[in-house]
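The structures considered in this document are given below.
One chain, chain A, appears in both complexes that follow, with chain B as partner in the first and chain C in the second.
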Partner chain A sequence: MADDVGRIRIRVPSSIKAGDVVRVRALVIHPMERIERDAQGKIVQKAYRYINQVTVTYLGRTILTLDTTQSVSENPSFTFAFRATDPGPLTITFLDTTGGKYAGLADIKLA
Partner chain B sequence: MARRQARGRALQGLDTTDFGRFRTYAYGDARPEVPVASVTVPDGPPGDAAKGRALFVSRARGPCTGCHLVPGADVWPAGNVGPDLSTVGDRGLTDGYLYQLVFDPRPIFPKTVMPPWGATGVLTPGEVRDVVAYLQTLKGPRPAETDPERDPATRRRPVGFGDNLDATNNPGVLLADQAEAEWSTKGPADRACADCHVGPPELAMKGVAARYPRHVASQGRVMSVEDWLTVHGPETTGAAYLAESEANLRMTVLIKMASNGLPVAIDTTSPEGRAALARGRASFERRVGQRNHACADCHTPDGGANHFLGGRMLADVREGLTRHFPTWRTSQSELWDLRKRFQWCMTPLGANMLAADAVEYAELELYLTSFDVGKPMSVPGIRH
Partner chain C sequence: MTDGITRRMVLRGAGAAGVVGALATRAPTSAWAQAGAQAPALGGQESVQSALKRLFGARPLKDGAGVIKLEAPPIAENGALVQVSVEAASPMTAANHVKTIYLVADKNRIPVVTRATLTPEMGQAFVGETIRLGETTDVRAIVEQSDGTLLQVRREVKVTVGGCGG
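Moving on to the complex of A and B:
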């Protein structure tokens, strides 16, 4: 559904202690269009919509930037780990090739 | 669209055998189960053990190895629903006894779950004799097992696929997102679900699915959520929710998710509910198809439940098999409702399937769901 593109779900563990290494999984609804070929096998030239960069900020500081250099599925999920030192916002931003920018926020709370 | 193309490819080469000769689950099908055949070894040349082994492991026929373990590194995966036959040749059983057992075990073991291979024509008399000749060659001592995964007795039990309600883990959850948009979209009759069912679906539909399948008086039959949508959609919003269509599946997931965590609370006490439950139970125990199997053969503790059928662990009906349906199948990359699961079961039974919204399936679903009463719903599930 086109309406849903950019909808983000972020999963963090339910209980985090200060200093824990936390595994986060983020899923974004995105078509991740693949290159199409015409009947002659030639690549159809158009702007393919594809997430090519993911940025994660924690407490206002960028802690991760990654480029998708391999093929990644539709509605991809990305997993990473970081050390949670303080409570605060964790923002995950997805940039795609057509200028789309989708951001999701998880509020890190310490137990 | 890519998904549809992939599905089309997956259907290529699918078994289209017509099992019309054999009894189905249809209530109108009054044919008896395969008649019991008492036989003696026919005259003719002695059996060929090598051919017998090939038949024993042939996936196109049995395979016998689905239930029985025999030696050989190529025997994988073997099951343990039936006895381990690794040293059956040492038991001094006569050819006549083994021939009868393979041809039709029912004269010897009336309550067996083993199909009558000869009586239904899966194996010809000559082939049964080959299998018997092979079994007689299986003498001890048992070769030492080098791979614990080969032997179903020592094989690791399958583990799950993690949190089924986590969208980042179970792609099935994402389907509900699409249905949520449809919830408030007006259908051809210029009405939307949300016009009558006020509020977001998780509130408007809360607890509804826990009461399904149920007897719907206006239709005079038991219906699951899926069945009801096929009727209720056209009569209200005008949108078709054809059985097993993606629209039906999506909306079913959305509706069922609104009951997640709530205990299954189907009606099994009203006269209609009781009668339907009894018919569902009769279906569960009805022997159908070329394999002359009943659901009970594989899914009760007296049968194969909690044993391996080939590489698959057979589920136990007492655990409750329905409260996680529709379920994401990791092996198919598809969300399946229970009816598709039933229809898929028809292939190993050697029986022609019924329509997805058949009342026979609905009442069977009701019977299966009766084991889930009081247990929390958890939709969509995730399974192999």
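Moving on to the complex of A and C:
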């Protein structure tokens, strides 16, 4: 299971026309550790591993940044819209609190 | 678990294997710290009131019912995975666009779920994600427009099985 961490699936519409505003869904496999408590109900102090930043770039420009907390679910998915003006790469980068960096790429092709 | 060792090493930024990881870690963190003074973590264990006060100070939150569409299930069977989305009506031009969308779950121990920083290139102010809800709670979407106006809508989600633990 641990090997799957950071696996990313990005879904873009199959046919995109120039200028369309399209919605993209990105899913990442990640534990998004939630806060643990001991028997006394005290918070266990440790370095929790969760994604705290998601960055979306299109044609090399950052179009969306998400700062996230542990209130985001395990194996989270994020949906957003963007205007497809030119063919090119759409990259989604996930950073977690332990230094993990996972990037996914979708090649935007225009019909 | 080998995971634990790596994590510790990376965090200390020590150890041969940790060096590469540490370099990768440092860069984005410091860049982020420089980018804005928001550096203290986005959300901690706090009440929703103190979270809102910390994020917005005394700025008024106007009712955004006509502008913001917050989609969330009325009943979530499993609080560990709740699909929500926020859409704000906006032309998304350089002069008039939605700058930030905050997603807040009132009764979560960490009420601030996400801060999305948008740009006009998105063409549409839309963000969706899967979140956790600890118990039945109001979920709010707070939208900050480029002129600084803050708009808010909220919606109650009934949670059958909580998903936050902690």
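Here is the rule we go by: the second predicted complex is superposed on the first by the 109 of 111 C-alpha atoms of A that agree within 3 Å, B and C clash if a C-alpha of one lies under 4 Å from a C-alpha of the other, contacts with A are read in each partner's own complex, and residues count from 1 in each chain.
Methods note: contacts are C-beta pairs under 8 Å (C-beta built on N, C-alpha and C of every residue); 3 or more make two chains touch, one makes a residue touch a chain.
Just so you know, these numbers come straight off a predicted model, no measurement behind them.
J.: Once both complexes are superposed via chain A, do chain B and chain C end up clashing or fitting?
T.: fit
J.: Please determine whether it is chain B or chain C that touches the greater number of chain A residues.
T.: Comparing chain B with chain C, the partner touching more chain A residues is C.
J.: With the two structures laid over each other on chain A, which partner does A:Asp4 touch: chain B (first), chain C (second), both, or neither?
T.: First partner only.
J.: Could you tell me if A:Arg23 is touching chain B, chain C, both of them or neither one (first, second, both, neither)?
T.: Touch partner of A:Arg23: chain C, not chain B.
J.: Just to be sure I read the superposition right, which of the two partners does A:Ser77 touch: chain B = first, chain C = second, or both, or neither?
T.: Both partners.
J.: Check whether A:Leu95 is in contact with chain B, with chain C, with both or with neither, and answer first, second, both or neither.
T.: After superposition on chain A, A:Leu95 lies in contact with chain C alone.
J.: Kindly classify A:Thr68 by the partners it touches after superposition: chain B alone (first), chain C alone (second), both, or neither?
T.: A:Thr68 contacts chain C only, not chain B.
J.: Thinking of the overlay built on chain A, is A:Ala47 touched by chain B (first), by chain C (second), by both, or by neither?
T.: It touches chain C, and chain B stays clear.
J.: Of the partners chain B and chain C, which touch A:Arg34 in the superposed model: first, second, both, neither?
T.: both
J.: Minimum C-alpha distance between chain B and chain C after superposition, to be given in whole Å.
T.: Minimum over all C-alpha pairs of chain B and chain C: 7 Å.
J.: Determine where on chain A the residues touched by chain B overlap those touched by chain C, and list them.
T.: Touching chain B and chain C on chain A: residues 25, 34, 74-75, 77.
J.: Using the touch definition up top, name the residues of chain B that touch chain A in the complex.
T.: Counting only chain B, the residues touching chain A are 2, 166-169, 171, 174, 177-178, 181.
J.: Across the complex, what residues on chain A touch chain B?
T.: The touching residues are 1, 3-4, 7, 9, 11, 25-27, 29, 34, 74-75, 77.
J.: Under the definition above, what is the set of chain A residues touching chain C in their complex?
T.: Touch residues, chain A against chain C: 2, 21, 23, 25, 34-37, 43, 47, 49, 52-53, 58, 61-83, 95, 98-99, 101.
J.: Hey, which residues of chain C end up touching chain A in the complex?
T.: For chain C paired with chain A, touching residues are 1, 3, 6-8, 10-11, 21-22, 24-25, 28, 32, 38, 41-43, 45, 80-83, 85, 105, 108-119, 121-132, 163-166.
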